[in-house]
Amino acid sequence: MDELREIMITTDEIKTDEYLINMGPQHPSTHGVLRLLVQLEGEIVHNVQPHVGYIHSGIEKMAESLSYPQIGHLTDRMDYLSAHQNNEAVALCVENALQVEVPERVKYIRTIMSELSRLASHQLWWCVMGMDMGALTTFFYGLRDREDILDIFEETCGARLTVNYSIPGGLMFDIHPNFQRDVKAFIKKFKTKLPEYDRLLSGNVIFTERTKGVGFLSKEDAIAYGVTGPTGRASGFSCDLRKHRPYSAYDKVNFKEILSDVGDTYARYQVRMAEMWESMSIIEQLIDNIPEGDYAVKMKGVVKLPEGEFYQRVETARGEFGVFIVSDGKKNPYRVKFRSPGFSNLFAINHIAKGWKIADLVAIMSTFDLVIPDIDR
Amino acid sequence: MAFNIYDFTTLTKSIHEGLSSQFSPTATLAIEWTIVGLAYLLFVALFGLFLVYAERKVCAAFQQRMGPMRVGPWGLLQTIADFIKLLMKELIMPKNADKFLYNLAPFIVIIVTFMVISVIPFAPGLATFDFDIGVFFVTAVSSVGVIGILLAGWSSNNKYSLIGAMRSGAQIVSYELSVGLSLITMIILAGTMQISGIVEGQRDMWFIFKGHVPAVIAFFVFVIAGTAETNRGPFDLAEAESELTAGFHTEYSGIKFAFFFLAEYINLFIVAAMATTVFLGGWMPLHFGDFDSFNQIMDLMPGLFWFFFKVLGVMFLMMWFKWTFPRLRVDQILNLEWKYLLPINLFNILLMAAVVLFGLHF
Amino acid sequence: MTNEALIAAIDKIGAEAETRQGAQYVETFVPFAKMHGFMKHLKEDDNLAFDYLICVSGVDHADHMQMVYHLESTKHNHMMVVKVKTDGRETPAVDSVTDLWPTAEFHEREAFDLLGIHFNNHPDLRRMFLDDNWGYPLRKDYKDDIHIVSR
Amino acid sequence: MKSIIAYITEILKGIWTLLTGMKVTAKYFFTPWKHVTQQYPENRKTLKIAERFRGEVIMPHNENNEHKCTGCGICEINCPNGSIEIITKSLILEDGKKKRAIDQHIYHLGMCTFCNLCVKACPTGAIVMGQNFEHAVWDRSTLTKVLNQPGSKIMEGVKD
């Protein structure tokens, strides 16, 4: 017995050389041009250094020379999966600064649209998550259902991804006459598809083995690293701005803030799956009650913000999105800063992934649901 | 015997006699070897292409897609176009690669598949080698393929390749065990290792029915372990594209990549063919003991049809696995083998021994 | 906590901070020399407990740089904004708050990258998006004739 | 003994979850006619594009080759990325007064991000979004378009 113990002690001391590998900028699971410099010992991750900037597009600089409605359309291109929420953030920020009250109808439609794009984003996240874990079929099932939402967007907003639908003062168009019918049809259909997602992936023993108990993030660390959105809520960080600082019509609907206190990869997965149900419930509460009225208030041809600093927070599919506008009273902002959720979330990865295997790193990254233009801006 | 009309022995015998009357015995042998070699080459190339096409169509159907549709009717010529493309592609070699081993690796992999395929009986009279130790030969030779993968990963001078190769090594070394043990379970029932003997033993009933519970368990263990041995999903850790880009063949291009690709599909065929031969009666039609009228109807279909019908069925099962399940992690793959498959297998051998000893099989 | 109570609580810290009710949130101006101690108080005081740093933004004003910290307390659910002016704008420097909020490390790296603000005691102050010898594009005097086309 | 039962139930439960997954994919495998693929160039005729779809900016002309553009340049100001250039000319009316009119409404499709701000801002509704999305060309210069047709003039009664 003692001999055995000695052997066990010595195996602990065996150290092989650490080596570095570059995951990215071209790598199937970094979802874009993110580069992770991973320090490995065998399969074990010792350190992850994210390197960003490969698609830095200078949106903040560009915004300094654009008018406020024009900035909105640039935010489509940051987190393209939460395009509508980003638009809404800019629109709300400008409206708050000008103290413009938008009609109730606008608020309702914005909320429905936000939830639809949250659904679309989570669907894409689900299918990519499956793909990162090696189950390629999920990719097509997720995209298949997302297509319905994109069709609704196309009909009402005129674009499928970069919608540019919320503009300061209201909406670009009124909703399409078919909008309510299509949304209800979609919800009805998706309610039968979502349990299928669970049967295919969530319950699968391989999937649960790979995700349960992997990649813990404690609540304290989530707050300290500013990890928001479903990723933060899976660690028990109650950060749902829809609940804490309701904007648009979120104060008129009943919904649960999905929280989990486990904080592992599976919890992050489950929070997003549950959020899809919540999003559908929010849409159902609003879709039949859209009040009549204008779809926009009349704004001046040239929107000028009063001098000052304005900050607006909204909850996108990935977490807290903030718009910080410093205005000097001209038609262009003096400085715009976007607090993107992916940026803060990404840099917690080193903290989480240390000590896990490469395969786990991929799974953890997947549950972070990164969109690289959102990080690079 | 009704299925004798489909027996290829008469065909091969007549070719042999025709050649013997014209040439000296040495020349006859040389010509026969050439014919057999060419036949295998042709078979591997064509069946490999067919399998790639079939996999793409099957995967498309699982994913609610249509798969290749552009080249030829229903995309039938797609894989041929891909093959031509691969042939014409530039062969790229990393600067610091070990040139000799880098070039050798794909050949080792493809040669091993040819060696294994040579013992598989396709139809009555259509098998090249028939040793006493056929099953043993298959398990022994098929594990040589991992050397090719290890060489490919090591010689590419790429860390992704190396990780992939090491994973593959660990995986195949462990899963060899399950493959071997599940075959041993069936050998207990068959009483012989000779492949023709195993097939012949299933004349009245396939082994999977004859050996009932232990045979079914052994069959599933064999299919799982076989899937792992061919590096296919959900055990495709060696090439896990979301983790290691392309694993051991990251640095290979053109025809060398095609060799790996072809070998993967032929290995899939080999596993399915072994499962068919050992568990599902090889080219034997579906027979049930004394139901003579039923057996005679089944005999109307040729052995070649039965063989490929069963092989494609097993391959479909493996494709179904691949396109449904997520990939396992490297430690889980070893857990699965050592904590689950191996104990089940050992227990299963005992069970099978008891079944055979007390004559509990059909 | 109401905003008035919050202002009173912040005023207790001292550190030459000027606190007032801004358009949206409670805003505090702190001199850069005393900011770190002040921020530490904000985080560790039980009544304030600003444990969540939302956003760190740098702004280039004509004669100085300004760092803007948006803070929230997850315990009390109140928000405030801390503003720190730097001394001049050629080689601006403020204290890093990475030791208080780890997320600041990356927001500060971003501010360093785009505005050239130095952070004292920052563990890893490197460029984030841009090349090492690139200018500081968010500064108002940044000129780039090739990449920026002005109309 | 308990642990052995737990071991076996664990295996069976695992297999059951795998089988439920396989049932989902099998359902779709055996209903291949429900595929979601659309064979794009073949289905052009049945392709439905939403009427609001933003494919390109166009300037509708009526049968008399008349448009509604006054050449005010508001679209040019509202464009965030300089995709629109307005070149105006001055017309001398019958009563001798000078009047501004559009000479060329130049639209750089290659720079356009389809944000709809120009169409929204247009006071006369002269430009609208077209549904054509097949913009691939061999030569980039052909992406620069002149929206008002040659020889066209402004519609009667359209004022700034």
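First chain written, first letter: the chains are A, B, C and D, and each begins at residue 1.
Just so it is clear, contacts are C-beta pairs under 8 Å (C-beta built on N, C-alpha and C of every residue); 3 or more make two chains touch, one makes a residue touch a chain.
Computed from a prediction, not measured in an experiment: that's the story for all the values here.
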Practice problem: Mind listing the chains that sit against subunit A and also against subunit B? | Solution: D
Quiz item: A-C or B-D: which has the larger count of contacting C-beta pairs?
Solution: A-C
Practice problem: Determine, using the mean of C-alpha atoms as each chain's centre, which chain is farthest from subunit B. | Solution: C
Quiz item: Any idea how many Å lie between the Cα centroids of subunit C and subunit D?
Solution: 41
Practice problem: Could you grab the centroid distance between subunit B and subunit C? Build each centroid from C-alpha atoms only and quote it in angstrom. | Solution: 64
Quiz item: Using mean CA coordinates as chain centres, what's the subunit A-subunit C distance in Å?
Solution: 25
Quiz item: Could you state the distance in Å from the CA-based centre of subunit B to that of subunit D?
Solution: 51
Quiz item: Using the touch rule from the top of the page, what residues of subunit A touch 2 or more other chains?
Solution: 137, 140, 144, 200-201, 204, 206
Exercise. Specify, in ascending order, the residues of subunit D that touch 2 or more different other chains.
Key: 18, 21, 24-25, 36
Quiz item: Of all the residues in subunit B, which ones touch at least 2 other chains?
Solution: 62-65, 323-325
Exercise. Throw together a list of every chain pair that touches.
Key: A-B, A-C, A-D, B-D
Quiz prompt | Of all residues in subunit A, those that touch subunit D in their complex | solution = 66-67, 69-70, 73-74, 76-77, 137, 140, 144, 147, 151, 154-159, 162, 164, 167, 172-173, 176, 196, 199-201, 203-206, 208, 301
Quiz item: In their shared complex, at which residues does subunit D touch subunit A?
Solution: 13-15, 17-18, 20-21, 23-25, 36, 49-50, 52-54, 74, 78, 80, 113-117, 120-121, 129
Self-check item: Touching residues (chain side subunit B, partner subunit A) in the complex
Solution: 59, 62-65, 159-160, 163, 167, 233-234, 236-237, 240-245, 323-332
Quiz item: Of all residues in subunit B, which touch subunit D in the complex?
Solution: 58, 60-66, 69, 320-321, 323-325, 340, 344
Quiz prompt | subunit A contact footprint on subunit C (complex, rising order) | solution = 22-25, 51-55, 57, 59-60, 68, 70, 74, 77, 81, 101-103, 105-107, 110, 114, 128-130, 137-138, 142, 148, 150
